[in-house]
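In the two assemblies presented below, chain A is common to both, partnered first by chain B and then by chain C.
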Partner chain A sequence: MDRNQSHRNRRRVLKTLHLTALFLTMMIICIPGLWIVLNSFRPTVEIMAKPPVWVPSFTLDHYRAMFAGAGEGGVPVFSYFRNSLIVSVTSTLIAILIGMSGGYAFARYRFKGKNGYFVGLMLFRAVPGVALSLPLFIVFAKVGIIDTHFGLILAYVAMNVPFTIWLTDGFFRQIPKELHEAAEIDGCTRWQAFWQVEFPVARSGVASAAIFAFLTSWNEFALASQLTRSVGSKTMPVGLLDFTAEFTINWGGMCALAVLMIVPALILTFIVQKHLIAGLTFGGVKG
Partner chain B sequence: MTEVTLSKVVKKYGQHQAVHGIDLDIQDGEFVVLVGPSGCGKSTTLRMIAGLEDISGGDVTIGGRVVNDLPPRERNISMVFQNYALYPHMTVRENLGFSLKIAKRPEQEIVKAVDEAAGILGLDELMDRKPAALSGGQRQRVAMGRAIVRHPDVFLFDEPLSNLDAKLRTQMRVEIKKLHQKVESTIIYVTHDQVEAMTLADRIVLMRDGHIVQVGTPLELFNRPVDTFVATFIGSPPMNLVDGVVQGETIVLNGSISVPLPVTAGPLTNGQAVKFGFRADNLMPIGHAVEEEGAVHELDLSVTLTEPLGTETLLFTNLAGVEVQAKMFNPRPVTPGEQLQFRLMLDKCHVFDAKSGQAVRG
Partner chain C sequence: MTRRRLPEWLVLLLPAIIVIAAVVLIPLLFSLYSSFTPYKLTRPSTLWKWVGTYNYEKILSDAKFWAAFGRTVLFLTIVLNVELLLGLGIALMMNKVTWGQRTLRTILMFPMMFSPILVGFQFKFIFNDNIGLVNNALQSMGFNVALPWLVDGKLAMFSIMFAEIWMSTSVFAILILAGLFAMPRDPLEAAKVDGCTPWQSFRHITLPFLMPFIYIAMTIRSLDVARAYDIVQIMTGGGPARRTELLWTLMSRTGYVDARMGLANAMGYVSILLSILFTIYFFRKLSAARAELGMAG
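Presenting the complex of A and B:
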């Protein structure tokens, strides 16, 4: 009786601790994002106020200004958004196609130097993107693809392919090889067996890889800030710099643009979250 | 007509040779079981027939056509895998109809064939479920259904029952046999379980280390094993083997007990080292024996352990220093240590050369 009681008490305490820890962690993760959203709707005075104003007032001034003409503190939001979208979507599609083929090859085929290639790809991931920005800048400038969508897409594909290979390799590896063998016996070519059976089964994994690749491209700043200059190719993260002047930073405007950047990423993540979860808890394939 | 022939078929994995040039003729409609200990090359052989594994040497013919270089889809075979390999993203209905869909058959034909297969295997209730929502036995059925939908020339089974529990395995064994009677196709079936091989096969192919050791009907392998390996692999419990030396018309077992030479034994030389083999069924306590014709030798042995099985009891005793098993029919309780008089049915005994292990038979 007493034993049970104390046991139950301990469980309750542990649960409370658990929830508190979770709450604190989530707060640390979420508050900066929340602060950005809040600041985008506050007058500049309030943003800068010390001590902070806890009860925010509401204004759409920053958004109005952002969409206004160039002379009135506006930035070419639509161009930036379009550039970001073109670059991210295209580079993700290409990276997924290449990465998936590579991942499949690593998972299914035996070839000379397989492990060497694999380690090489992973080492490539270890090089920070910024370190490459100067060499890339010089090469791109010489070739004449600086300040173009194409150049940025190229850089992002190279950045995303190793990770995609690594991720999809893991997913394909978990699919028993008997699945494509069964499909081949059922009349498929190797190609059909892949698209009819293995790809649908690994769909969640591929979707997760795609989301990661997309978010990497969508949020990337260091390389983009070097490789793009003009309104025709600057992406949204680079566009944020438009709000910095020599001595001042327009925090409100920056937050407003940041919100426009976060929202599509959030929406996308929500749309594919089912796949993400399924992809991360892969392994229920055994049929 | 779909005979399957293997001639001098070899499989090498790099340096390692998994299959050493095997020859095998399988008749149309025959149920052939490849059996042998794990790692002996059964799956490799089956997969070469299926086209899932390259053939390193020799020829495989299906229905008179050399298929060495044909992909699996052009061999008109179907296969049931040990882990079933059901398509997890498709319902049972889609799994069953997949091969016909790939072959671009008309919709009504697919529906008809799928319903027919479902009827045969009792899958009607499960048609809209995904494999994840099925039990092991049900998955097994779906895998078999998927195989029969296409009416292939040859069915290949690779240890299809080894993931099932004992009771279900016995059940499915019967169903597979019934299925064979119904479809009348050639079946090549791989298992490591000699009971499965004995109960299912028209003909058993017993393999070891990439070689075929013996081919024959279950009773041939049971009654006339070519060597000690076959003798101990087929039959449960395994055949008792006792070392001995030929002396005139007798064999002296381990230098102590002598038994007359079985009349079935072939030419033996005086002093030849042999292994004397007999099954538990042929060593029975007097009064609890199955009456049989033929020469009998009587032995007094003491029982060390008993295993009652209901209709019979296995008795463990000691013959010339070797533990051997005997069978007591119409059993009565026996206490360990009890001395019993046994009859050894000499006509059913086997003599193997001690060095080569080969049977010496007249």
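Presenting the complex of A and C:
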């Protein structure tokens, strides 16, 4: 009886500990992001208040200033948003097409030095953006594609292709060879067999690769900060810097732009989150 | 037909090879060349002067460079280990939850969507010594202090690590969690019947099974360890007094602020080698772990 009681007590303590730890973890994960969202709705006076004001008041001033483009410094948010969208979507589409064909080659064909090619491709992904941005800046300037959408798209495609190959390779490998062989016997060409039989099966893998490519381009800063100069091509991560002056930072405005930056990524990730996890693990383990 | 056709696999791979060659390989070759010249952006003619390994000798004998190098390696070691341990802990905790697991997992993915530069700004704001959340909270709780989070060298390093860990732990947690889901139940139950303690069954059954997942996470992370550049650049810019200078910020300062491209490219090569070493190391671990589980492709 007594032993039973102490056992039950220990259980209860462990359970409470578990829940508390989990709650704390979730809080640490959530609070920084929520703090940004919250502050985007607070007036600047309140953000700067000393002693701090804990009960927030609500204002849309920062958003109004941001969208009117006439806020402090007049940050042209719409152009940045458009640039980000154009660059990310285009580079994702191209990277997926190129990466898919590469991944298919690795999954379906046997050739000499296959592993060498594969690791070699991956190593190009490991080159840090900062280290690449120095020479890329000079080369792009010589070719004359600096400060254009095209230049940035090209850079992001190259950045995303290796990882896309890695993920799609894993997925195509899971699909039994018999599938496309059967389709070919039934009179499909290899091309048709791919699009009508293998592609639909590997779709979730392609989707997760696409999300990763999109997020990478949407969030990239090191390259974009050097390859873009003007309103016509700056992306949002670079645009964030517009809110900083020599010694002061317009925190409220920055938070508003940050929210604008997170929302599309958030929506997109929620839609495909199941694929995301599946893509990463299968692509990696089985690849 | 006398014309030889390219093999199909090469045709499929060609676009990838061309893009990467054009955007990564050529610039890298160019920077390799320029790292042997005293190239300065302001004086283009310096590109044609060959100075041999002068730049490399210079950085190798530079105490500032070695300090940044050591700090970078230390930073990566601490950050990756903490991320792994926290990620493992979170995944194990989440695996025990019986209710609302999907919601928790969604929350867990939250930091993955944040741009590194955004994470930098966010924590610059939160750790601000005047209006930041941390100091405000401390003061409201009655501590009459204003800790100089980003001004003091040691605290600044801590803040940067915190930001980096906040951003990347979820990658580990999510992948390890996926591993836990995929784990067969039988061995664990058998171990319980045989009288294993929870620690023993974790150590000898769960952990070996999770190893490939851990290495995938490590490999993915090691592919862009240099993302920390964005965070450091925003939070402290390498300051105060170079106390948080990492290889990457030192390089960009040398290249863009001092316009000494040759020297910066030499540093770039050192950092590229560092990244590649990290990646190769984890890749090999990954294939070894795969082979052990019999999952080799």
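Just so we're on the same page, the second predicted complex is superposed on the first by the 240 of 287 C-alpha atoms of A that agree within 3 Å, B and C clash if a C-alpha of one lies under 4 Å from a C-alpha of the other, contacts with A are read in each partner's own complex, and residues count from 1 in each chain.
The definition used in the following text is that a contact is a pair of C-beta atoms (placed from the backbone, for glycine too) under 8 Å apart; a residue touches a chain by one contact, two chains touch by 3 or more.
The structure displayed is predicted, hence computed values, not measured ones.
Look at chain A after the overlay: chain B and chain C fit there side by side.
Of the two partner chains placed around the shared chain by superposition, chain C is the only one that A:P32 touches, whereas chain B remains out of contact. With both structures placed on the common chain, the touch criterion links A:F163 to chain C but leaves chain B unconnected.
In the superposition on chain A, A:P51 contacts chain C only, with no contact to chain B. In the superposition on chain A, contact is made by A:W251 with chain C only, not with chain B.
Rounded to the nearest 10, the angle made at the CA centre of chain A by the CA centres of chain B and chain C in the overlaid structures is 90 degrees.
Of the two partner chains placed by the overlay, neither chain B nor chain C lies in contact with A:A213.
Of the two partner chains, neither chain B nor chain C is touched by A:I96. Put simply, more of the residues of chain A are touched by C, taking chain B and chain C as the two choices. When the two complexes are overlaid on their common chain A, residue A:A183 makes contact with chain B while staying clear of chain C. Superposition on the common chain places the nearest Cα atoms of chain B and chain C 15 Å from each other. Overlap of the chain B and chain C contact sets on chain A: residues 284-287. On the chain B side of its complex with chain A, the touching residues are 50-52, 71-73, 77-79, 81, 83-89, 98-99, 102-103, 131-132, 139, 146, 150. Put simply, chain C touches chain A in their complex at residues 7-10, 12-13, 15-16, 19-20, 22-28, 30-31, 34, 41, 90, 93-94, 96-97, 104-118, 121-126, 130-131, 133, 136, 139-140, 166, 170, 174-175, 178-179, 182, 212-213, 216, 219-220, 222-227, 229-230, 248, 251-252, 255-256, 261, 264-265, 268-269, 271-272, 275-276, 278-280, 283, 286, 290, 295, 297.
Residue ranges on chain A touching chain C, taken from their complex, read 18, 21-22, 25-26, 28-33, 35-36, 39, 47-52, 54, 97-99, 101-102, 104-106, 108-109, 111, 117, 119, 121-136, 138-139, 154-155, 157-159, 161-163, 165, 173, 215, 218-222, 226, 237, 240, 249, 251, 254-255, 258, 261-262, 265-266, 269-270, 273, 276-278, 280-281, 284-287.
Note for the complex: chain A touches chain B at residues 176, 178-179, 181-189, 192, 196-197, 200-201, 203, 284-287.
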